[in-house]
Structure formats: C-alpha cells, structure tokens
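Pasting in a structure now, in structure tokens, and then I'll have a few things to ask.
Order of writing sets the chain letters: A, B, C and D. Residues in each chain are counted from 1.
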Amino acid sequence: MVAQAAREIRDGERVFVGMRLPLMAFVVAKRTHAPNAVGFFELGVVRDEPASELLYTMGDNPNIAGAIWCARTVDLMGLLQRGEVHAGFIGGAEIDVHGNLNTTAIGPDRARPAVQLPGSGGGADIASLAHRLIVIMPHDKRRLRASVDFVTSPGYGRGGDWRKRVGLPGGGPSVLITTLGVFRFADGSAVLESFHPGTSVERIRAETGWALRVASTVRETERPSEEVLAIIRQYDPQGFWTRRGE
Amino acid sequence: MVAQAAREIRDGERVFVGMRLPLMAFVVAKRTHAPNAVGFFELGVVRDEPASELLYTMGDNPNIAGAIWCARTVDLMGLLQRGEVHAGFIGGAEIDVHGNLNTTAIGPDRARPAVQLPGSGGGADIASLAHRLIVIMPHDKRRLRASVDFVTSPGYGRGGDWRKRVGLPGGGPSVLITTLGVFRFADGSAVLESFHPGTSVERIRAETGWALRVASTVRETERPSEEVLAIIRQYDPQGFWTRRGE
Amino acid sequence: MPGKVISTREAVGRLVRDGASVALGCALEPAIPFAFAHEVIRQRKRDLELIGPISDIAFDQLIGAGCVARVSAAWVGNVSAGLAHAYRRAMEQGIPRRIEVRDHSNFTIAQALLAGALGAPYLPTRTLLGSDIARANGTFREAQDPFSGETVLLVPAIVPDVTVIAVQRADEDGNAHLWGPWGVSQEAALAAKSVIVLADQIVERAVIASDPNRTIVPGTKVAAVVHQPGACHPSPLQGRYRRDHEFFHEYHRATRSIEGFAAWLAEWVTGVADRDAYLHKLGPRWEALRDSGKPAAEARF
Amino acid sequence: MPGKVISTREAVGRLVRDGASVALGCALEPAIPFAFAHEVIRQRKRDLELIGPISDIAFDQLIGAGCVARVSAAWVGNVSAGLAHAYRRAMEQGIPRRIEVRDHSNFTIAQALLAGALGAPYLPTRTLLGSDIARANGTFREAQDPFSGETVLLVPAIVPDVTVIAVQRADEDGNAHLWGPWGVSQEAALAAKSVIVLADQIVERAVIASDPNRTIVPGTKVAAVVHQPGACHPSPLQGRYRRDHEFFHEYHRATRSIEGFAAWLAEWVTGVADRDAYLHKLGPRWEALRDSGKPAAEARF
C-alpha cells in the first residue's frame, strides 16, 4: 500500500500528507521519483524534507524542527481552498462505490451511533478541496459498502456531476488503495485497476460490498522495488505503522 | 491639544493611537494618569510602554523594538471589530457638526477631486468600530464645515440614531479637540465645552462653519501642567510635531 | 494592575464556571494543556462545551469524567493509538452521560474561531458542501455568494468563554510566546472572552519584548497566567519536551472498560494533588522526555 | 527545480506584465520594496493596478511615472511629510494620466486580501457602514447577516497577480523570514498568483528551517527571489536599517511641481542603473542608517 501510495505523488506537487501510511508514502516518494514534492500538515506545518525520524503524530517535535513553515491551520487550509494543493491522503472506516468516506459514526442515527468514530479532522476539507484525493483503507466487506451511514468526506456523491451540483470545486478521489488492490474512479465510480500480488479479482469481489467493476486492463499491482522496501524498513524499523503487512 | 487629548485616555484602556499628536498624547497619558493604557498601532503593533524616542511613523524601528506584540493588521482590527478597543484618535481635513470626517477628497466628484487627500488609512475603521473616537484638528472655518464633501470616517451621520440605522455598532466621536477649543457630542451634534486660553467663544463662532452650540457650562480649557509640558518637550525637543503650538 | 499570576487551581476555580464553553488543544497534537483539563476534572466542573480541532485524549478524559455536555470539534480520539473509549461510551451508551456533538472539520472550526477573532458574524467557505457534517452540525447555513451566484457554506463565529493555551514562556501580564505549531491557537485566544495561559516559564517583560513576533496573544487579552512546567505531558512542547507516545497507548489499553477508565482517572488525575505531583509520579520517565532542541537563527530588532 | 534567484530587473521583466495587479508596501510604513518600484518605473511598465494599505511614497512615484491605471488602497500620501503631489496631480488634473481609485480602509484591504488568501469569495464586516467609502469603492455589497438579520458589508476577495515583499532573509527557494511589522503582507503573499521576494540576505535553507515560525511565505508560493540589500530605503527594515526621514521630506519638497517630480525621478530612479548604484549614490548617508538592533531572546526547536 505504501509503495502504491508513493507512486500517486508526482514531483513538485503540494500534498496534504496526514499521518501513518501516507506519511511513509511521502517519505518514499521524496526519496525516489518526487524529490521536489512539498508536504502540508494540517496543524500548520510545511516540509520540503521528511522528518529525520519516525513520527507518531504530525505534531511530534521532529516534524517541526527543520520545517520550512510553521503557520496557522487556516493558512494551509486557505491554500487548499484556493486550489493550490494537488493531492491529499485520507483513510476512513467506510467507503462506498462513489468514493464517499465515513469517519464520523456507524449507524443510522448520528446522535446515538452504533460506533462512534473520531470524526473528520482535516479529511473532509481535503476531500472537498484538493485536486485529487488518494484514499488508503484496509479491504473488508464491512468497510467497502454499497452506501455509507454518514458522508464525512465527500467523494462523487451519487456519481455523475454531483460535485458540481452541490458546489464543490473539481477534484474527488482519484484512487482507492486497499490491502488487496487498487481502484480508479471513472464517471464517479470505483473500477478495479489491479490486485496485489497474492490476491485475485475473485477474492476482491468477495470482499467488496458493492457490485465490482473491473477494468479491461486489470493486472497485478506492481511490486515495490527493493529500494522502496529498504526506505520503508529504514524509516519504520519496528514496523509500528507497517507491521500489519501494509 | 496634546494635553487635552491625553486627558481623554483612561487608565487601563486599549487605544488605537495613530501618529503625530495622538502619539504624544499617548506618551503623556502613560506617564501621568494612565500608566496601564495599551497602545494599538494599525500596522499590527501593540505597546504597553511608549517608544524610547520620537517617532515619525508607527513603523519606525524604535516603535517595534520593545513592543509586546507584533501581529497582523487584521488581528488588531479584529479586536477593534469585536468591541475590545476603547478609544481611537483620528484627524481629518474636514469635519461636520455631526462629527463626520473627510480625509478622502475635497469637491463634489470623487473621481475628479478639487483636492485629493490621502484617504482613510485605518481612520474609518476606528471611527466605525471603537467605543469612543477622539478627533484632533486645526480649527479653521474651511475645515469645520456645515457638511463635508465625502464621509470617510462616519461620526453620527445626520444625527439621532443614524449609527444604529446604518448598522454601525455603538461609539462615535466623543470629543473634538481643535487648536481653539474642545467640543463634546450631544445627541450626535458638537457642543462647545471649552475654549483654549487666549481665545473666546466668539472667536470660535467666527471660525466655525456650522451654527455653534455652546454648553451652558462653557469655560476655559484647563492649562497643561508643568509636568505635562516637560514630558512633551522631552519627547519632541525639536518641536517636530508640536512646533505649530499644538 | 491586579496580579494575574495564579495557580491552575485558582484559574479553573475563578474562570471556568459550570456550563462554560472552553477551547483547548488548539495547536492540535502538541501543546495540549492537560494540566488544565485534569484540574477541571478534579474540581468536578459540569456541563462544559469543549471546543477544539483535534484534542488528542484531553477531550476523552473530560468526557469520561462527566464534565462535558457538548463537543464542537473536528476529531475526538487518540491520535497514535486509535479510538477514544470514553467518547465512544458517552455517544453509544450515554455513559456517564449523553453529550451533544457539533461536528466540524479542521477548516470549519478554524474558520469559526477566526470569525470570532475578527468579530465577523461568519465566514463563507466551499469546504463541506455535500458532506453530512454540514447538515449534522446544525449551525451552518448554505447561501449564495452574491458576487458569483455560487453556493457557499456560512460558518458562524465561535466565541469561547475561555480559551486555554500552553506556551513556552510568558511574562506576568500574560504576553505569551509560543513557537512550534500554532494550529488554531491564536484565533481561539483572540476569539475568547477570557484567556488562560499556562507557561512553562515565567520571564521578564523584556524577554517577550525582545521578539514581539513570537507573541501569540497579548497580555491585554489574558485573564490568568499560570506558571506550570510540564503542563502538556503526554503531548509535546517544542524545544522543551517530547511526546510520551507510550502514555497514549497505556491510556488506550487502560480505558477500554468503565472500570479501567475510573482506575486510570484515580491514578493520574483525582489521585494526584496537582501537576507537580503528577510530574513527580512520572519520575525518571518525565526527565527522559526533555528535549531542548536546537537554537533558532538570530534575529535582531 | 529551476533557479528562482534572479535580479530585480529580471523579476520585473518576467513577472510584471503591463496591466498586472501588484500588491506592495503591505507592511505599511516599513519594509516597502522601493527597489522593485523603481525598476518598474525604469522598465516603463504601464496600466498597473496597485494594491496596498499605506504605501508611503512608493505609490506616488509609480503614479507620477505613469505606470498606474488603478489604485486599490486605504491611503496614498507621504506619511511623515504630508500629501502626495503626484497622486494629487493625477487625480485632480489627470497628469500624467487619469487613474481610477478604489477607496479602502486598512481593515477592508486587509479583509479583501485575507479572503484572497483563504480562497473565500468575500468577508462580511461591520466597518464602513455609513461611510462613503463603501459606496465609492464600487466593489462592496451590503447584505443581511442571515444569522442575526443585521446589516453587514461584504468585502470581495482581492487576488493580486503579483505580491512583492521585502524581507530580512530568504533561502534560494524563497522561504522567507520577515520580522517586525507584517501588516497585511502575509495575506497579500498567500492571496497572490505569484510572489516576488526581495531579500536583504540570502541564507542556507537550514537558517530558515531553524525557525519556521518566522517564515512569512513558503518557497512553494514564490516565483522569484532577489538578493537586494537596502531594497527598502528610504523606508526601514527592522534590525537592518532605519527610516531615512529626511529623504521623505526632500521628496515632498522636490516633487511639488511636474518639473520637480521629473527631475527627482531622473536623479534617483531613471538616472541610476539599479539598486546598488542607488545605494552607492546615497553614500555615507546610507551607511549612517544601518541599525542592527538587539537580539531576540533564544528560542529552541
């Protein structure tokens, strides 16, 4: 997942990074094909070099030391709203076929949820305003659902020109990377592009809560290079963020 | 004028100071009856002690060194709009009986003025939003007019509850200090409170462009104490701002 | 001027009434004033509205201790360890009490506080259009931008009764230097009716005045200054101490059950007199977190 | 990355097209990039829109030189010496050309640029209600606050084509440290399509990264970095040099007449090749203005 996520970052882009796996993807991208990518962190920090050590949160001292800008959240969110941020990463508890994410609550009643999740953080802002949204999630039928209980971070709504109709600028999810495969979005719906080594289209179909659409060019996901694996192991030697084989 | 202006500042108040005579009034007030007054400067500076030397502009290095806050203009203007600034000083080219000030342009056509003035600066904001406005002007019939050509900084409009009707918060001019006398505002109109030593009600009437209203308690303006004169001479020994006997 | 330098106990006692709205944790993950939150719990304050973007576990503790009636936040959880158990219990089961949630995103909470700081009634934005947050929050309005005709979401100002910020240093009047992430701290402080500053160090006014650009809030906005070293543990304070990651994990494990939460609270909050006792209890673990960092390049005024 | 470090001449040549909107002088009285303004005059740029709160005499010079079609500003004059003669001639007599004025106050220009920086279409305010500025400006709208029903003035966003800021130091990517007054500089830089940084000193990236709170604009927003010592004379730059008050008075006296203005321009702008030549011409007067101030108290990251 990290290797695939890193591939989604292009050189020179401004990227809302977030924590956990996206942060590692940023590290990998910076050290391989995207040395001029710039990382935005929603507490108000901009870095053009990854932090020198593993981070547990974006506010850890090593993520501030050596940053090029330590500003206010609203300054970075302003650049995002201006359309100056190319890509952002988010994850979620649930996603539907149109890329709508729920990180708020499971169950029909927001006031009395079956499971209370932490909420949006900056995720809904990134989903609303970035040029491209890169979604990373564990693959599970209960997580990839036909429809989500609460749209925290809007994807393509009900598909078609929904984003335009509700007033959102362009953008929306460009890719969904799961523990099993990679989906792209066509006309606002997820289409399976590749399956990770060791899995298959059929397994993914069985683990997906919506009627799977498969690209005619479906293939196995490119394996991470030794270089990439070495970067990941160097950055997270204890496997704190990657120990679940992610 | 400086001594009278200083009297208008109360201890502990937040005051938008501005330059020239108001700045000296702030110095005098701080060193006499209002040691806890706090000075706001619209380029984003807050001082609880006056600068160590004479200032020509609020951005002079000595006004920044030793400040307690160097922020953004909008931060200070925000506090002003929140109603947290007690008083502000402004001057103008023209004022009318309702305390409306023109610092924009003389003449009926804004696009082709007879005399182009510099404009509002922060004056119109202070006039709109401070609890009290303290106006300082040279006294001249062409400056104290029945009506002004352009209302840059709103006073009491056409009097009565005009401020409320147009949506301005409370406030408005509390005093007009000229080179000849001191006016207070009653029901949104200027009333002569005192005449400076060496002048008279009749002279002021002759030099004022509106029908003069005179308080029943009209008296001579209190002379500045030796202490106050000493502070002024110490701060501006060359008389740069005070040489015209102001 | 009357003395503003008081203890955390006095600050909470004097300035936080039951039912108050309180913004804290406004720098997001770092500089969270846990010392303040724990004193609120010890004084059994009730019916508070908590305001903040990402509070890490401070909000969870206040909710679990029964101090909270409403949360206006973008995220409530345990940043490096996962979900917030006390928040879950309150929302899912009403334990120890039901709380109301006003969902925000980081951008809308930032804009609400910025509007408050500006004295503006609201800010117009395009974020969250089409998100269920816009509907669920209940305080936003959709409107037409009269200039372009496009849809905008109007985010109304938030004016907290009290904003609490933790900083590296402040003078006795409350002029406060904070470096490292600010998040929404400055907006929250300027928007508030009253500000409490928890300073790792109290310094002479001249130290503050030597670098007025570092001032996050001027003393004229500050009601109380508390000299409270280590006020943010287990969150970090730049140039002073690091984040205690393991503490967050321990909290996560310990508070899975109601009983576990109660035991954790008894051990770390109600069972200690104040922050000094808390740091003493941490012992060498606390000393090991100290990290004085590297000096900033010189700037001259 | 392609090199951003170029000369003022190249920066003006590449980034300022005729008709562009240009924000400068955004820290109000200090840190005004006169070196940039003079190069614009030398390159005979035309039909510019000038944006800024209080420009001191920079705007007056650009107007008198015929570079300007429109001014969006709160104040145009000579702060310590009085009225701006060239601005008066343009407005009163159309010499050297008619210009359009969009009157602002400091707060509305700040809000317009803040809206631009936030990507918001407008900000609602209560300032200027009842002022003729609200009407004369022509771009504002009155509206009802839908929450309270009260009247507000909507100030639309300003997005300059170029914002020019002068700073004490920047690295080669344009990450820029400015201390002392910021005024509306940060909003203007973040709101702009393109930013030009005039740095008194070019430093290693590590100097900037040692103190990221001092960064006013990140390199990722910056199109050109100019190493230009003394770029702000006669305005001051904190910790580097003082304001040359007498220069403003000399300008005021010299430019009362059209001929006087032309002679002043020939002497100080068109008659000198660049800023270095200008400083050389100032000679010992320039050296006498240097003032390195006092160091800021240490902060460690």
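Keep this in mind: contacts are C-beta pairs under 8 Å (C-beta built on N, C-alpha and C of every residue); 3 or more make two chains touch, one makes a residue touch a chain.
None of the values given here were measured: they were computed from a predicted structure.
Chemist: Chain A to chain B: how many Å between their CA centres?
Modeler: Taking the average C-alpha coordinate of chain A and of chain B, the gap between them is 56 Å.
Chemist: Calculate how many whole Å lie between the centre of chain B and the centre of chain C, each centre taken as the average of the chain's C-alpha atoms.
Modeler: Spacing between the chain centres: roughly 40 Å.
Chemist: Just the number, please: Cα centre separation of chain B and chain D in whole Å.
Modeler: 27
Chemist: Do you know which chain B residues sit against two or more other chains?
Modeler: 45, 61, 64-65, 70-71, 74, 77, 80-81, 129
Chemist: Mark out which residues of chain D touch at least two other chains, giving numbers and ranges.
Modeler: Chain D, residues with two or more chain partners: 111, 118-120, 125-126, 150, 152, 179-180, 182, 186, 208, 213, 238-239, 293-294, 301.
Chemist: So with touch defined the way it is at the top, what topology do the chains form here? Options are line, ring, star, complete, other.
Modeler: other
Chemist: Any two chains that touch count here, so list every such pair.
Modeler: Listed in label order, the chain pairs in contact are A-C, A-D, B-C, B-D, C-D.
Chemist: Residues of chain D touching chain C in their complex?
Modeler: 111, 118-126, 141, 143, 145-148, 150, 152, 154, 156, 168, 177, 179-180, 182, 203, 207-208, 210-211, 213-214, 238-239, 292-301
Chemist: Please name which positions on chain D make contact with chain B in the complex.
Modeler: Contact set of chain D toward chain B: 27-31, 53-54, 56, 73-77, 79-80, 83-84, 87-88, 90-92, 100-101, 103-108, 110-111, 114, 125-133, 136, 150-152, 179-184, 186-187, 235-236, 238-239, 242-243, 245, 248, 291, 293-294.
Chemist: Looking at the complex, which residues from chain B come into contact with chain C?
Modeler: Those residues of chain B that touch chain C are 12, 14, 36, 38, 45-46, 48, 61, 64-71, 74-75, 77-84, 129.
Chemist: For a test of understanding, state which residues of chain C touch chain B in their complex under the given definition.
Modeler: Listed in rising order, the residues are 1, 117-120, 173, 175, 186, 190, 205, 208-209, 212-213, 215, 217-221, 301.
Chemist: Can you check the complex and tell me which residues of chain B touch chain D?
Modeler: Against chain D, chain B makes touches at 19, 42-45, 56-61, 64-65, 70-74, 77, 80-81, 104-105, 110-125, 127-129, 150-154, 157, 162-163, 166-169.
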